[in-house]
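Chain lettering (A, B, C and D) follows the sequence in which the chains are written, and residue indices restart at 1 in each chain.
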Amino acid sequence: MLATPVIVVNYKAYPQATGPAAVKLTEALERVAHRAGASVAVAPGLVDLRHVAEATKLPCLAQHCDPIMPGAGTGHVTVEAIAAAGAKGSLLNHAERKLGLEVTQASVDRLRHVGLWSLVCAGNVAASRAAAALHPDMVAVEPPELIGGTVSVTTADPLIVSAAVRAVKDLAPDVRVLCGAGVKAGKDVRRALELGADGVLLASGVAAVAEPEKALLDLLEGLR
Amino acid sequence: MLATPVIVVNYKAYPQATGPAAVKLTEALERVAHRAGASVAVAPGLVDLRHVAEATKLPCLAQHCDPIMPGAGTGHVTVEAIAAAGAKGSLLNHAERKLGLEVTQASVDRLRHVGLWSLVCAGNVAASRAAAALHPDMVAVEPPELIGGTVSVTTADPLIVSAAVRAVKDLAPDVRVLCGAGVKAGKDVRRALELGADGVLLASGVAAVAEPEKALLDLLEGLR
Amino acid sequence: MLATPVIVVNYKAYPQATGPAAVKLTEALERVAHRAGASVAVAPGLVDLRHVAEATKLPCLAQHCDPIMPGAGTGHVTVEAIAAAGAKGSLLNHAERKLGLEVTQASVDRLRHVGLWSLVCAGNVAASRAAAALHPDMVAVEPPELIGGTVSVTTADPLIVSAAVRAVKDLAPDVRVLCGAGVKAGKDVRRALELGADGVLLASGVAAVAEPEKALLDLLEGLR
Amino acid sequence: MLATPVIVVNYKAYPQATGPAAVKLTEALERVAHRAGASVAVAPGLVDLRHVAEATKLPCLAQHCDPIMPGAGTGHVTVEAIAAAGAKGSLLNHAERKLGLEVTQASVDRLRHVGLWSLVCAGNVAASRAAAALHPDMVAVEPPELIGGTVSVTTADPLIVSAAVRAVKDLAPDVRVLCGAGVKAGKDVRRALELGADGVLLASGVAAVAEPEKALLDLLEGLR
């Protein structure tokens, strides 16, 4: 499993994190993570997944996958396909790619079946609890209204983080809990850990800035 | 544009056409296509797209893409991402990955905007006409009940092919019309062309067989 | 068919147009329409459809229906169900309830099969053309960014109306074209007709105001 | 709350349970339930909901509702709309109308907010546990492959019933657990109760048969 505390960087569909830029960004993040001895994982776009995974030792997560079996599934992404590309796991049910209850459950199970991690996103405490009931490896609580914003969830709504941590751990103590939305600075990461989280999930703060190395360095300060 | 008549091979999520096997399959198809001087395009899975595109001169199509702009779009695939990976275009609205009317329209427009082809699938004549009204580069008519089956659409329902050709060309003469579903042999390809189609879209007949080179060779017979 | 020019009032899920209020609203609109001798149709919520249809002579449209056949279809609404409830037709593919290309096509066909009208919404000219290619009874062009706003499409983007009218009539002269989004006053209706539209589709301007009778009266001024 | 053991009859989109037939069916079921002093609830189609609720004292559930707030929501069904129609609650996430994890959660909360019951369907034990984590009033486990079939889940897969009961009660002891799929006879109901279920959810066995009264009578035998 991912060493915690962990920082997961979601590349979304940012132009600064797509195609050749995705590899360059990853190399920069790896340098910083390596120097700091910190646990950092990246989630590049599906099309860039193999390219990035081949270029880095950082664990790579797919941003999404489908629970269908290999076979007829045009436009779908099997867990086997992301495993073959070098992914160590997958995000599921991100606010920008919501999944059905059964689809999430089946995806968690399919990922485990091929030895990959699952990181299920949830928009609130109740949804985090439901996600935990599926026994994924990680749950990330991200209030949708704060995603992409400038105020960190740890400042805007710290209670949602601590409540999600409690809800998840009560139900499934082994499941790691991340928090996300608006996380951009070392103090946000520190606060997340104080609130009981095992790490953070972030995106634009690192994947869509002019100086990603500096941004990650600042975030890693929060891990000390 | 693709030279016609064209044979488009959809790799779907077949294990024989995923990961390293996708590259090997493509190389085999390229050899056969090159020798025969035939126009063949391939549609590998999203995760394998770049890998395959880098390994071949055959035009590569994505199996799906989303019309969102680069930016926040976790788990989505932009036209910019598939272009950067070397795709020449994308399938849209395949029966296994249906899209909304406006999403299909926006995807056709976004693909054109970045200089990529669009191949819109449609399940019947009326849907083919609607697809043609979006002025994509290609429309592929594929009756869903025949997809993955053993009887070619050209045998089971030849009238749907000729009617779709007429419907599309009446409305948008420049749009190429393919047909698909159950196409597996040279005689199916020949019949498709006789019915007015500009080519065929197929999958399991080439991408999920023990001897894909032989299968493609047989299909190419139909082009003579 | 609906006499044109027509004003279609979409009740959406407005509290002022749900439950008993839906019936009261409809009776008020019927009085005004009757006095003015104008063609007005209403689209109440699915749950209120029968109730409203039983209480009025105004033609009632469902806000949505599914193309599935009667049978197993929990939570789905068949064309047979809305017909039995007294609907004369259905909206399809509204910006708030988008449908797949094939689903829209199948719904248009299913509605026609049981003798009901179809009114397919479309967000732009290209989508209107695709909608027209399905040969529904009506197409309503509504730019999504103007829906629910204070500026009428006829003021904000008159060219989209005239272009949609042309695109639809070129392809299918018998299909009526409505326009919508932000339509609230008689002058908006007048302008819509000048631009070639056969009527308007509106919602909040009548269904979510304190004095719907007055609002409709004002709109009907535009028909003169 | 519903008195248990309970039999919930889902009318789906069966022609024998749509329009005027829905009312007649309900009256027949009410007679039988009344005579037997049994707890029976019905879930008519959305369009028939008010009609049926007005005609019966049996508790009525909607087959589906959306968690959107009253307002702009064309084609969507608010909890306020089904409450105004006389529903006592709603099915959610039926295998034929799957919902997202967050949508299910929001719907459960919205229903509770207006004083209505929620009955969340789930296709297996893990999904039942996730559903229970949302604290709905009821969870119904229904293996999708057995739905509409001739063999009762209680015969084909009794362990899924007992395991779902345990999983739900462990997590949320107050949540009632129903089972469904293929349930057609009194012995199926009896077996469901022996396996720990609080009742059954069924459809075709009562709502699509020639003699629904007789069918329900037989089922009620299982409650003794």
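Everything below uses one rule, namely that a contact is a pair of C-beta atoms (placed from the backbone, for glycine too) under 8 Å apart; a residue touches a chain by one contact, two chains touch by 3 or more.
What you are looking at is a predicted structure, and each value in this text was computed from that prediction instead of being measured.
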Inset, instruction - Enumerate, in label order, the chains that touch chain A and chain B alike. - result: none
Inset, instruction - Tell me, please, which chain's centre (mean of its C-alpha atoms) is farthest from the centre of chain C? - result: A
Legend entry - Cα-centroid distance, chain A relative to chain C, in whole angstrom: 43
Legend entry - Mean-CA-position distance for chain C and chain B (Å): 36
Legend entry - Inter-chain centre distance, chain C versus chain D - centres from mean C-alpha coordinates, in Å: 33
Inset, instruction - Any chance you could list the residues of chain D touching two or more other chains? - result: none
Legend entry - Residue ranges of chain C in contact with chain B within the complex: 93, 98-105, 108-109, 122-124, 126-127, 129-135, 171
Legend entry - Residue ranges of chain A touching chain B (in the complex, touch as defined): 10, 12-15, 18-20, 43, 45-51, 62-64, 68, 70-78, 80-82, 84-85, 91, 94-97, 147-148, 203-204, 208
